[in-house]
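Each of the next two complexes has chain A plus one more chain, namely chain B in the first and chain C in the second.
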Partner chain A sequence: MRLGRILWFAVLAIALGASGAANWLAPAGYAKQYREATDARPSAEHWLGTDELGRDRFARVLYGTRISLLLAPAAALLSTLLAALIGGLAGYLGGVWSRIAMAVTDLFLSLPWLFLLITVRALMPLNVSPFVSVLVTFLLLGLLGWTVAARVLCASAASVRSSDFVRQAKAAGLSGQRLFWVHVVPNLKPVLYAQFWISIPVFILSEANLGILGLGVAEPMPSWGSLLKELESLVSVGAEPWKFVPLVLLVLVVTSFQILLSKQEEAAG
Partner chain B sequence: MFWLKAQRENKMHSLHRKIAGHLLALLATVLFGGLLSATLVRLAPGFDADERVLDPHLNAASTHALEGARHRDDNILYFYFSYLIRAGHGDLGNSSALGQPVRALLRERLPLTVRLLGIGLGLSWLLASMLALSAAWLRLSIYDAMTTIVSGGLLCLPAAVLALLSVLWNLPGSIAIALIVFPHTYRYAHNLLVKIYSRPHILAARARGLSEVRILFRHVVPVVMPQMFALAGVSVSMAIGAAIPVEALCGLPGIGALAWQAALARDLPLLVNITILVTLVTLLANSSADVIGSMLRGQEA
Partner chain C sequence: MKHRNGNFITLAALRDAFAVAIVCAGIMTGLATAQGGQLRFCLHNEPKTFNPLQVDDDAAASIRYLTGGVLIRLNRQTQQLEPELAESWKVSEDGREISFRLRSGIAFSDGTPFTTEDVAYTVQQLMDPALHSPTGDSFRSANGKVETKVVSPSQISILFPAEVAGLDRLFDQVAILSQNSPKKEMAVLGPFMVADYKPGASVLLQRNPNYWKRDEQGRRLPYLDSILLNIQPNRDVEMLQFKRGELDLINTLDSEYFDKLASASPQLVHDAGPSLDSEQLWFNEVAKAPIPVYKRDWFRSANFRRAISEAINREDLSRIVYHGHAQPAMGPFSPANKFWFDAALKPPAYSPDKALQALAADGFRLENGTLKDRAGNAVEFSIITNAGNKARERMAVLIQDDLQKIGIHVNVVTLDFPSLIERMTQSFDYEAIILGLTNVDLDPNEEMNVWLSSAANHQWNPQQKTPETPWEAEIDRLMRAQASSGDANKRKAAFDRVQEIVVDQQPFIFLINKNALSAVSTRVHGAAPVILSPQTFWNAERLTVSGN
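Right after this comes the complex of A and B.
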């Protein structure tokens, strides 16, 4: 079991390391076109062939991995902070605040995640620069993905609030603000960490869904979602297997997150 | 006798209160969800633009009429309340992008989505419950590992990829829905059944020589049913979410594809109606699961 975890950690480390070293490992930039070799098969020059615009697929996979693996944690951080603010405060304050916050959370939860994400993303500007599209996509994931974490944090904060040491601190005359920052927040840290790590694979998969539907990162910038869009042009699964490399990489990375985070999930309840 | 009757009446009263509470919450959430979706569409960039006014065949009066119709939707509260009044009379408005009554569009597309979701959900529940039950019965670590690998692998695939693969393999869209929902339902059902089967009373029943079928129907099913109903409610929401990429990528003309087109075209009347419909179905599924679960728990008690 321990060896298995080490192996999955190695997979994640290799993916992170390779994407971080994309500038050195890739034969060219992600947007460079080899016009004489469009839609080429894998060769010594282009390890994974080229796409229909003649761009090196290996380079695009490396740079795409970098974007997805850097920005999914950033979106997870934003959503966890929002969840901590909304859920943590609601649980700590209790009463009408808790009811209002949870009603808003329920409203968001009543809409299926993919429906909400796709609808809101489609309403955002689509004809924007690649850099802005990356920001819009991952900001949206962070801004919409806080609801489940907020529910968990609200329940955790409410249980901390009703614990004996908080009652004692209150009786000793500690101010509400100090009580929140010194006694409640440190006790929420394990749940916050767990929610942060759990959100990363969810956001990686969500970005991939958006990318395949053409609502993710704009061309020519690559991401796992935009790279997977290429699968739409396949006529059969076995015809061009190298086009499945981004998918295999995504599955390996998400699996390693799921396996390495199974303990965190238990902590998050 | 009097005490038993009073207790039963108390139970019925609390169940009625629960149902009434659910209905009120459902109504408030649906109305607020509709308003939120209308506001989002109104604030979306490009909402004011209407490509029809660029048509050189239209005269000034027609262009003016089109602009006037668009400006009526500017005040979001006015739009929403007039929409609600019209909806009360059965008029759901006209789709601005497709130029057809929303009611007709929904009526035309709904059967396909209902069929897709019905078959997909049925298949995923059947597969999840059969595999979870067999894993709990057999208690073979290799079988457990295999089912966990299959469900874990499916969990790591984006819903849109499963939709694309179903197109490549010429599989119906309902199979894609089933494969998207299955890993979530399987994981929960498997954990639940393993937990129940390791309880002391089940071990005692086995030691006494009770048949597996008897143990299943007398001691396992009554305990897991409330939680399985809750899971069924949640899986409806998952399936509705999955219907968008599946219908959009498989070229199926259902509600999911319609929602997709409406969002891209910033079609306010259509999107508000679809959001209300989706919220209503999701909440109804969850509330029904909750009420049925409460009833079953009450019976068990």
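Right after this comes the complex of A and C.
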């Protein structure tokens, strides 16, 4: 068990370390076009070959990993915090507050968010740098992705509120705020963690989908989402397995995050 | 051939030409004498109508081509007009009247005889404002009634209220309806007729038993028994079905699919060379556009536009984005347009150094790798294109890299199509756009709505009350001159000059002309893919399919 944990930690550390060291590992950068070597197979010069515009895929994977590893968790954190605030409080307070919060949540859930995002993008200025486009993309995802988690947290908080230990604490004269932070929030932690980790791959894949609508990360900056777009055409990928590297990396990183988290919880429990 | 100088085309001469074309096609394809079979291919959307006069989409246009009988047909291979239901025709000197001499002994698919009344009825329907016929719109050059006059049982003349440029050519799109058939538009004069339609699934066409044409051996055409048109919008599924042998042809392929198929089965793919379609970049020159004034000044400078054009490596666009299945565009018309292309135009040169020289003439200078204008503004602009179009997205990124070499920073933005169109035509809130023009017609009159400064599709600065630049005024004059002339050579000279002005001023920076790519199964005999639509089945009446 310990070896497994070390292995998963190593996977995460390698992904984080390599993406952090992208400037040294791939000094030519993610945007340089080797126009005489487009769509090249892996070689000593290009370890994962080149993409359709001749850009080094290894460099793009490293830089894309950096962006996705930084910004998808950031968006997940934002959405989880919003969910905790709205859903957790609604569940804890109950009554009219819960009904109002859940009505707002339902309203957000019923929004055709795809069209909403298209409208938002249409209103945005065009002359924004790729970095700003990355921030805007993940910020939008974070701001709009809290609703499902809020419902789950509302139900969990309501369950905690009606549990015996909370009743006992209330009977012992604990104040509302102390009761919330000391007795309710710690008991919501497993749900919050789960929502956070679940959101990361969802946001990474959402970013890939948004790219098709022009809402993704702007060229030439890479992200896992834009790299995964290469897999759209399954006919070609069968003969070019190295194009699966971003997908394999995504699966490994998300799995390692979740396994390490569960181990930590086991240890804490 | 003289179509507009008052002489009737001689049937014998055209018959000879037709025979030569057929022999060539036979030699090229090893056309077997086998007859019959079913041809299967895909329509990419549901046909919106079976009424040939109301066709406004590709699927319905394909069905019209296969089922409709026309008076005059544009030979997709030679790009010349040929007689069909009309033995001969004559256009008056003033371009207002066209007279047809019809073939005799022809009947619709249901047996109803074909007469001059059917032609008169079709024209009446075509020009009926209540029908809103997109085909009829091409004939509307002025307000007023269109008069038809039956001269004899085999002769009819049609008089328009004003000159219609390229009048005879427009009849290639006019499928003749029957006035008397109870089947109305389902009674046809073309080689095939609609036998079954399953919405969302397929359209089955069967051989028209009354089709009038015969081959050189006197056998009735078409050779095929039927054509099955599967309605399939998904190109991946179409490709898989073709590979599995469930389809016999793919009419248009993109370069990526073409190469995939070519690597496995090179005998199945056909690259017919540059098509009429072009991709271009243009800058926003609209006076009221919500962009900084200094940027508008850049975009309105011919030197700036020429410099951008020279800094773009079109060879790389063709080689990398289209895998070599495209040619650097020379101007508004592709060399594939045999008559109208201006042969004096030269392939665009790629020269970042010359680009910088041209920019220096306008006061631009390169400082620490960044190009700045006279006032010190760094040259930066955005290029928008429609999201999901891989080729345009890739071209934009290559251009971004090319322009970075002369110190220009480009932001590439992909937008959903409605947002892009809204910015392009309503708010004018954009700086540069990459889009394409799909040309289905050879004649420049079809582009009047692009080149006239008052036109809505004059995209870089549409709907000008009066031309804002001398060169646009000159283009207006030349376009009107060519449209009102009955002399093909004078028209050609005028449009050549238009092409030269456009290449000099670069309001559209033409990037590439895509090749016409298609795939045809080896089971199909007689296929000779061409650049004009419908590329693979333009000679459907002479195709045969073996083994199904």
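As a working rule, the second predicted complex is superposed on the first by the 163 of 269 C-alpha atoms of A that agree within 3 Å, B and C clash if a C-alpha of one lies under 4 Å from a C-alpha of the other, contacts with A are read in each partner's own complex, and residues count from 1 in each chain.
Simple rule for what comes next: a residue touches a chain if its C-beta (ideal position, glycine included) is under 8 Å from a C-beta of that chain, and two chains touch if they have at least 3 such contacts.
Source: prediction; values computed, not measured.
*Asks:* Does chain B (first) or chain C (second) touch A:Gly94, or do both, or does neither?
*Replies:* In the superposition, A:Gly94 contacts neither chain B nor chain C.
*Asks:* Residues of chain A touched by chain B versus by chain C: which partner has the larger set?
*Replies:* B
*Asks:* Report for A:Gly29: first if it touches chain B alone, second if chain C alone, otherwise both or neither.
*Replies:* neither
*Asks:* After the superposition on A, what does A:Val251 contact: first (chain B), second (chain C), both or neither?
*Replies:* The first partner, chain B, only.
*Asks:* So, A:Pro73: does it touch chain B (first), chain C (second), both, or neither?
*Replies:* Touch partners of A:Pro73: none, neither chain B nor chain C.
*Asks:* Regarding the shared-chain residue A:Ala122, is it in contact with chain B (first), chain C (second), both, or neither?
*Replies:* Both partners, chain B and chain C.
*Asks:* With the touch criterion stated at the top, can you tell me which chain A residues are shared between the chain B interface and the chain C interface?
*Replies:* 118, 122, 212-213, 234, 236
*Asks:* What residues on chain A touch chain B, complex-wise?
*Replies:* 106-107, 110-115, 118-120, 122-125, 201, 205, 208-209, 212-213, 225, 228, 231-232, 234, 236-237, 247, 250-251, 254-255, 258
*Asks:* How about chain C: which of its residues touch chain A in the complex?
*Replies:* Listed in rising order, the residues of chain C that touch chain A are 236, 239, 256, 260, 316, 320, 380-382, 384, 387-388, 393-394, 396-398, 400-401, 411-416, 419, 422-423, 429-431.
*Asks:* Given the complex with chain A, which residues does chain B contribute to the contact?
*Replies:* 25, 29, 32-33, 36-37, 40-41, 44-46, 152-153, 155-161, 164-165, 168-169, 237-238, 240-242, 244-245, 248-249, 259-260, 263-264, 266, 271, 275, 278-279, 282-283, 286
*Asks:* In the complex formed with chain C, which residues of chain A make contact?
*Replies:* 31, 33, 35, 38, 52-54, 118, 121-122, 126-130, 211-214, 218-220, 233-236
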